[in-house]
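Handing you this structure, nothing more for now.
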């Protein structure tokens, strides 16, 4: 239950969003064919938490790398080339590579988790045009707000406004 | 909401798959444990060991002085199961053809001539087989007090012998590193370890690769 | 309508300019829809493509056959000539890993540096990376005596209770290469997701649409998705940057960690990384120039982009050339007779021809890129790129074979000649690489749609002259073409 | 001894082997099959053997006339290794390559498996009864023709010749002809004349100067092992060691061991010897010999001044006898007799050798059609006599020919009846190597095939006919031997334990030949002949006169001088080669009056500029898969010429040399023959040796100290060496010297004395025998599908030694032969022989690079290679500075593969204690770890510690110059620990900080006008 609007122009979309926010309508979803700073700016969201995933993942990876190398070397101590059993210098390579590997994967996982992909179902309030050339705004709204919202969207030059339920 | 729950399935499944893979890798898969072949003669170990109280070393005569445990020659069998001479050693049943067991007939018909001379060797099927790149000195283990049963199982109870241990490398190494408790030897030979036995420290062995691989 | 206030200008809306696409790059591209049309349109298979694919597959099968044969009869059918225990396979391994590096450089490092010219070529380069590393990863397995035991190099709990030797550079390789493959494949895929979404929504064939729907993970271009996406993309790039440097350093350790003359030098890691990027850019040219021509994408991959890439190529070539000379100098300066005799033998001895192929292709020819006219001449760039690929293969040859054939023990000095098996498998590897690449370019967008859209001026309500440039602040900029006839 | 159940036992043994090899691969190609193995027990368990434990039999080697004592190691009824008998007076426990390889004669896959007779043109299987009956009928059918029958037997000592003559005489046949193509007849006849015995004992240790006039006493000249032992002992006296001068047109292996080489023309030796003896004109001799007069002057002075000396002759020219006599005269004059030349301790090996003249004469009688029956045993006239004698045609004239040879050699293939003889490891016999003692020969194992000892066959012949049955009362040859053995069966049985017994074998009653051999035609004088080159054929140090050629170990063993295997070559001087535009491997044709041979050229500083030299032994047209069509035979270009003693003269002809169009690479294991100043084989002159010890080179800051801790332990490899282990760690594991296993207490090490090593390469073959090393040079073992190359049609590289051409030989121990000096082609160069095997580094560069721990450092200091863990990255080999790691490029150990190196029954020889390596696996010298472990087991069973020097490696055991010493360097009681302290000691590539466990002791040179 809500309203989805498609815009042709970037500045129009930005104005619409601004206007809606001015009307205390903030629970909207904005669609844009490509990331635009203008939109990011008007929506003004909190910083993405993905970086925490990166940090934790990378840290765990590095620790695991050192640990597996040292533990296995010590598990069955065999001397090679007169080197010490657990040689941390070369093991840094293992630590580093695993930091990158697990860090990178957890970053991707972080993105998936935060932006809820993969989506098994296509939810409402969306239009294929948004991956083409159009900007879009989806406002889940109760019928009472519906008129105001539609009016606002149209005023800012929405090419097409659609009610969904 | 539903989409959120569905979404949570994916990583869960991945994690599960990973765990399964690890476990399957860890289990010593490639072992011919419990290999129980049909032998040319169904030699009853229980009869000889438990009933007649023969020692393993009577037939496997070089287990304590050679890497190779040794197999009884047909001559050794015929020492008792002799078709002609009636000696003290000779099992009663042999003399009563009616009660003579099929297996002994096999022995006498196929592998010995009427005069009681060995005729041809018995092609036993090998059960406990280590790869050729592993050198297993039986005598070192036997002399160290390792009971035959520890590796070969309770052969004296087996109507048909099977491979008791996995014989894979981890199985060897565990004993070499953690050591072999003399008390286990007593237990494995159906004895009851005394306090003294239990007090004895476990016997460890080399875990250097070149101890077995060369 | 009257009630509404004068629409704010973009200047007022966004005080800071959009750094990512501040410079006008694609005059030939007007709007987002055109991007979808042009790039989406290039995906329809052509007869020429089928022909190329067939050739690639045949080559691959031939190589696979040779490998099967080698596994059955033993490595003896390869041309190894002890003590030259490493040959074509390791050479090709290093070669292919090197190829991969340019992709990551362009997609990650240049991203961090905000180098605008990467946008249109990075997808192609990234795909090249993934397939090149896939190819490289095969060679260590092909090369070892008992390929069926390869998994012993991977640490997993096993009933032998014995683990890999983490002090061995080869185990480092396993980690570096597998990490590199995983990360760059992930990087490529997540970058693709929004574009797949575009294709999904443009697709008409229901089956194709379904597949694309699954692959796009239900991507919807929502602002939230973009936000996390941008973060993730940034961190992936941040990870890939040290990764790409580490991978070829680790590969160079395979040599630098051994005590052999000509191998045991500290210059190897930077030398190898530079060489890798150099060879990779060569391969990028080899790939992108025909694509740009046959897919009619000249107005996306513009001469300016090629020019910029050529400058990078020239720079890495100079680094590599410098490394060559330093090696000789160090050998002389070390007063180490093993080193001196070896390097003499490298250039004037049995292997002079290989050494000179290396020097001319990697040091001399690229100097031509000092000329702007040649930098902006796709034909020359293509020809040069072929020479660079050749030269870089021979660089690895020169590093591996002369060292092993002319080592400490004079009694064991020997020659080396590859056999038909080596060559078949080398050729097969090209088949394998191009098979994947050809499949890729006709199934998935070879140019990053979403990122190109970033540098295409957005539609604005205030009117403007059509083919001229509009920067994001809405200011009008007249456009002067760099070179006449650039649009066709 | 009692045998395991016939072939079943055999199957089991090779099953074990094969399985191991296959085990490595079955998993590979992906075909998992549950292969069920059969266990075949004994029928009656033998009382004297324990399964899995070796039994040893003392016997005698019959490969050459020397008759060394052997200890045959048998396991489960199969002979698996031969070692010298330590108590034997000739070889004192050492054994040459040929002796080692006689096992491959025993297990040769081309041996006749049963008697055969020629039916309608080809040999077909018969039973022994048929065979013996045929022979008997033939003999009885001879009648008067018996007087013209010919029996050619290989020259051997012991009772058999006498037995044979007795048997022949019984049928009115003339005494047999004993032939030895390798024996220096001229020398022996001269010795008989001068010293009263064919081969007086030679004591090199007593000499202060050794002059060899073409006498290759380290090779085929006489009893090489005995001479080598003595020579090595002499050289090991270092400063007091005799200076050694070699005079001859070609610098043989013996010559390469000399301090000085006087390169004289063939045929000029007589003049030179006389001149040196002061009997002749120095100037004339110098011009005749094409040598520098000053050198002769100096030598003459040395010989006159240095007493005692030892002068030996071994020339093969037509005037060989005169030279030998002159040399002996020189010795007598110099008072060497009784000092360095001891007739009292004569070797009897050559006492009753017949002369080739007799054989030549016999062949001519055959050609004349006079001979009705010819019998051959162990002699192959068709091959060993010059082609110009037309032996094959002569044989064709003989109506019935019998061969007792167990191998399909050229002569046997022409015979009508083949009664294959037992191998000496399967049969009874005796030999007399030194006067007054018999060394016994007993079977070490059951027969491999359905063969029968010739002596028993002969007895069978007489027994079969009532008329003759009484001649030989004994049931078989064994009882015949016992019958005449002092003390009878009792003493015989007792003597077998040692293999030696006092007494002497039966003497031939000497029923002399009915026809006396006509003297040979005098060969044309050398100088008068056509051609600008002297053509010099010499017996190969490895293959002898060609009777050893069918043994892959020996084919694979590189010639000690030229390092060429599986190929014939023609040696030509660098200067000459340059003049004729000849490169290594260019085919050149040598044309003499008698014929021509074509072979690849080998450019060699050790021949005169006007000499081309060529080794005998190859170029068989038959003789089994390993010998056939490998190389060419120089005898094809030799005239039938004999010296005055009847010996075959090998250096009697001049030749023209022409370069042909084609060329083929040399099958050599040699990379660069120069050290490039890398100090691999080092030498020290007597002067330096007497001088002060050179002080230690000091190390610049930051450089690791290059000296060892006590016991050859490296200061860096703390854990590896068990000392200086990380003090913080509580348990240093088995690398802790205090660890209960005590492994880390030891550091197995090896010392190699280059002053002793003569480069004879016996150690190489010994290593092959001990460690199941595959030979890779056979024509069918090459790579497949070499496009653009000639193959066998279906694409296989069938060139002999194809793998070695790719540098893929598998010699765990190799002898590197480096030259010093002589770059200008002068005859003045020094040779360094360096046995090179895994150095078992304390800090091994090969170890850390292995991704799977397939190679690592064991606590007792071994660099262990775990074959079954190896995945074959070959990184270790790249890391190894000594290049001593070898890779299984093909399935040499896999019976299913074409390249299988041990075709049945060669695989019976495989050592059960050593894994047979599958393809794709790296292998290398293990310091005979199986022997180390076996010794440890034995000590443990006997509840004791290892005793110093109680065991040694295979190479050290075989070494005829005792150059190799193995042991625990960390324990002073072992002799190797002492040798490591020697002032001549050094380590190869010390600057690489590898801290090797192999210590080399510098060679000692005695330059002209040396320190004394």
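Order of writing sets the labels: A, B, C and D. Residues in every chain begin at 1.
The criterion applied here is as follows: contacts are C-beta pairs under 8 Å (C-beta built on N, C-alpha and C of every residue); 3 or more make two chains touch, one makes a residue touch a chain.
Just so it is clear, the structure is predicted and the values come from calculations on it, not from any experiment.
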{"item": "Between A-D and A-C, the pair with more C-beta contacts", "value": "A-C"}
{"item": "Taking each chain's C-alpha mean as its centre, the one farthest from chain B", "value": "A"}
{"item": "Separation of chain B from chain C, taking each centre as the mean of its C-alpha atoms, in whole Å", "value": "58"}
{"item": "Approximate Å spacing (C-alpha centroids) for the pair chain A, chain C", "value": "27"}
{"item": "Separation of mean Cα positions, chain D and chain A [Å, integer]", "value": "79"}
{"item": "Junction residues of chain C, two or more chains touched", "value": "161-162, 164-165, 167, 171"}
{"item": "Interface hub residues of chain D, defined as touching at least two other chains", "value": "24, 845, 848, 850, 853, 856, 869"}
{"item": "Residues within chain A bordering two or more other chains", "value": "76, 78, 80-81, 83, 117-121"}
{"item": "Contact set on chain C toward chain D in their complex", "value": "71-77, 80-83, 85-86, 140, 143-146, 148-150, 152-153, 162, 164-165, 167-171, 174, 254, 257-260, 337-338, 341, 404, 407-414, 419-420"}
{"item": "Chain B residues within the chain C interface of the complex", "value": "22, 25-29, 166, 168-171, 173-174"}
{"item": "Touching residues on chain D, where the partner in the complex is chain A", "value": "714, 716-721, 726, 733, 735, 842-848, 850, 853, 855-857, 995"}
{"item": "Residue ranges of chain D in contact with chain B within the complex", "value": "5, 8-9, 16-17, 19-21, 23-24, 34, 36-45, 50-53, 734, 740-741, 743, 853, 856, 858-859, 862, 864, 866-869, 913-916, 926, 929-930, 933, 937, 940-941"}
{"item": "Of all residues in chain A, those that touch chain C in their complex", "value": "8-12, 14-15, 29-43, 45, 48, 50-51, 54, 58, 65, 68-69, 72-73, 75-76, 78, 80-81, 83, 87, 90-91, 93-94, 96-98, 100-101, 103-105, 107-108, 110-112, 114-115, 117-122, 126, 128, 130-133, 155, 157"}
